[in-house]
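As structure tokens, here come the structures.
Two complexes are shown next, each including subunit A; its partner changes from subunit B in the first to subunit C in the second.
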Partner chain A sequence: MDVAEIIAHHILDHDWGVTLDGLRLPITTHSVTLMAISVVLLLGLSWIARLGPSRAGRLLTTLMEEYVSFIRDGIVLPNMGKEGKSFLPYFCTLFLFVLCSALAGLIPNMKTATANISVTAALALCSGGLILYCGLKFHGPIGFLKGFIPSGTPGWLVPLIFPLEVVSMIIKVCVLAIRLFANMLSGHMVLICLLLIIFVVGQMHIAAGAGALLPAMGLELFMTCLELLVAFLQAYVFTLLTSIFAGSVIHTH
Partner chain B sequence: MEDLLKPDYGVLVLTVCNFLLLVYLLKKFAWNLIIGGLEKREQQIADDKKQAQDARAAAETLKQELDAKLAQISEEASKRMAEAVKIGEKQKEQILSAAKEQSDRLLAQAKAQIEAEKNKALADVRGEIARTAVLAASKVVQQQMSEASAKSVVDRVLEEIKAK
Partner chain C sequence: MALGPFTKQDHLEITTLGMEFAVSEILGAGAGYWLDQRWGTSPWMLLAGAGAGFALGLYQVIRGAGQMSRKKTNLRKVEKEDGRR
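Moving on to the complex of A and B:
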């Protein structure tokens, strides 16, 4: 097994080969991880929401209220205005979902689901759907399409500008998926590569491998801390950009 | 490694369904309760803040009213004090004037009384002198005059004294 294969094995999704009447079901490591995260989030948050006025209950409830305040006052309201308030549950879920998916990769035997382009594309598709829904809800089909034409554009430029703006919006949504995927993938690739240094050097000489152990582990620890930061950062960026794009179709220029 | 960029549409659809279902369920069972609690708490804080601001405004108004009243009372007190001082001055002058008048009157009365006492004393002295003179004269004359002549002399002397 060469290095590329080892890396691919640790990063790529693995199909569990579940079929139903000959139809292949998408039960893979990443999809199971996501479902597990969903169940944990659902049970955990439902439990916290129903906690009584005990000390622990107040602490957890206050923590969740602070989280909701952060999403509402730091992300949704500044970018979408008061119209965005009804989408607050979506953004609260999105941030936690992306964050937990990224952090899951740091738990042994679990994988970073957001290092899968299909998963990030699905999340970007949901964000794209939200943007479309916001545009149609607040401006109607015609108004939404008109929003793609900047005010003051000369009539003869409209046929050129309109497709450009539409493509620009589609690209923005695609970039959401690619940015999250690339960040999560690269971080995990670096982590695996650092671990592989020990074995690659060890294959050359056992003493050299032992010598590489401490520096490699130090770098591994540093990168893991960085991955923690990146997980929070990417969850924030994904949520923030979704709210900005949705806000841009609600408050058109 | 090229599999990294190959999308798995099954996973994609499953993730979309998973995520949207999670949004729906969390909204129903968690977010609505948490957001409701948060908004209730914020509303309570806003109400308390408004109440505190109203109370502060009321206190400010009350303070202004009290300050105005205090200023009014102070002005009134100064005015009354000035009036009292004025009345006191007037009463002082009246008392002094009355006292002076009374002392003048008492002085005049005393002078009159002294004059009367003096006159009375003079009269008494005169009487005493007369008696003494008569006594002396009678002793001188007793040896030379009869009782009848002596009596006439004394009567004459008394008449003279009365005439004076």
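Moving on to the complex of A and C:
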């Protein structure tokens, strides 16, 4: 049994795309998962929005209102102020999308798309774009660039501090992508490794494998619950950090 | 347990500092390695990049800690003023 191959198969993306007229269409497990999540969210949310005043309709509408209130009052307003209100739809979408991507990995035969650095990098790029847009919208190009220089910096230090601050902002966006990717990837690696313990120990001796079954399954169950928590936590952290960075660009001093 | 007069947002920002330090170092070293491959100057650009990344990471940590410290001082001032009223 090649443990490394099994782990790689469980974690990595699988490309079963097609080539049409020399043009490669890379249909991968992660891209299909992402599209499925997008379609489910689009259809599901528009269905909830159109629900009438039935009991289920009232319940789901209240749930969504609570969700939007949580994003607005818990994330956007404290960090971005009233200026952030116009970006509320982005944060609501971001939270749900990251959450559903992480939760999709817990469904059999589906994969966590956010355990792919390309997906998290694309999400971080969107957040970076939002931060840039906020800076340009509220301060203009010159004001935005001036915001990179901390107040009280001596003039001779500006040529040194300015590039450092610009690179710092780029690194902050990179960290957003890496944090989500690393958390999702490591969680799934731990899950598969715990399962593999049973087979690795079982190869040494069948009785030892049987003995490892219960503890490994117990740990597996615990880690799955932890993954569920991590899914919510990482969606919250990603959204919160985006709002903090966007807020720091809006309220520079 | 309250960890000083900070909000959970502040705690999150503090936890980001470590990762920012690591990413700065890796990006600096990566850029240096790339330049080494391009210009054939191995290992000087890698060393310079790693040094620059380390300096940038340190700058971010110091700045972040300074911001937190100022925030703490401001919060204490506000608390004192509230206490007088």
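Here, the second predicted complex is superposed on the first by the 251 of 253 C-alpha atoms of A that agree within 3 Å, B and C clash if a C-alpha of one lies under 4 Å from a C-alpha of the other, contacts with A are read in each partner's own complex, and residues count from 1 in each chain.
Please note the rule applied: contacts are C-beta pairs under 8 Å (C-beta built on N, C-alpha and C of every residue); 3 or more make two chains touch, one makes a residue touch a chain.
None of the values given here were measured: they were computed from a predicted structure.
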{"item": "First (subunit B), second (subunit C), both or neither touched by A:L41", "value": "first"}
{"item": "Partner chain in contact with A:V68 - subunit B first, subunit C second, else both or neither", "value": "first"}
{"item": "Contacts of A:S31 with subunit B and subunit C, given as first, second, both or neither", "value": "first"}
{"item": "Superposition-derived comparison: subunit B or subunit C, residues of subunit A touched", "value": "B"}
{"item": "Subunit B versus subunit C as contact partner of A:K111, first or second or both or neither", "value": "neither"}
{"item": "Subunit C contact footprint on subunit A (complex, rising order)", "value": "78-79, 150, 164, 167-168, 171-172, 174-175, 178-179, 237, 240-241, 244"}
{"item": "Parts of subunit A lying in touch with subunit B, wherever the complex brings them together", "value": "4, 7-8, 11-13, 24-26, 28, 30-31, 34-35, 38, 41-42, 45-46, 48-50, 61, 64-65, 68-69, 88-90, 92-94, 97, 116-119, 121-123, 125-126, 185"}
{"item": "Interfacial residue positions of subunit B with respect to subunit A in the complex", "value": "1, 3-16, 18-23, 25-27, 29-35, 37-38, 41"}
{"item": "Residues of subunit C touching subunit A in the complex", "value": "7, 9, 12-13, 16, 19-20, 23-24, 27, 56, 59-60, 63"}
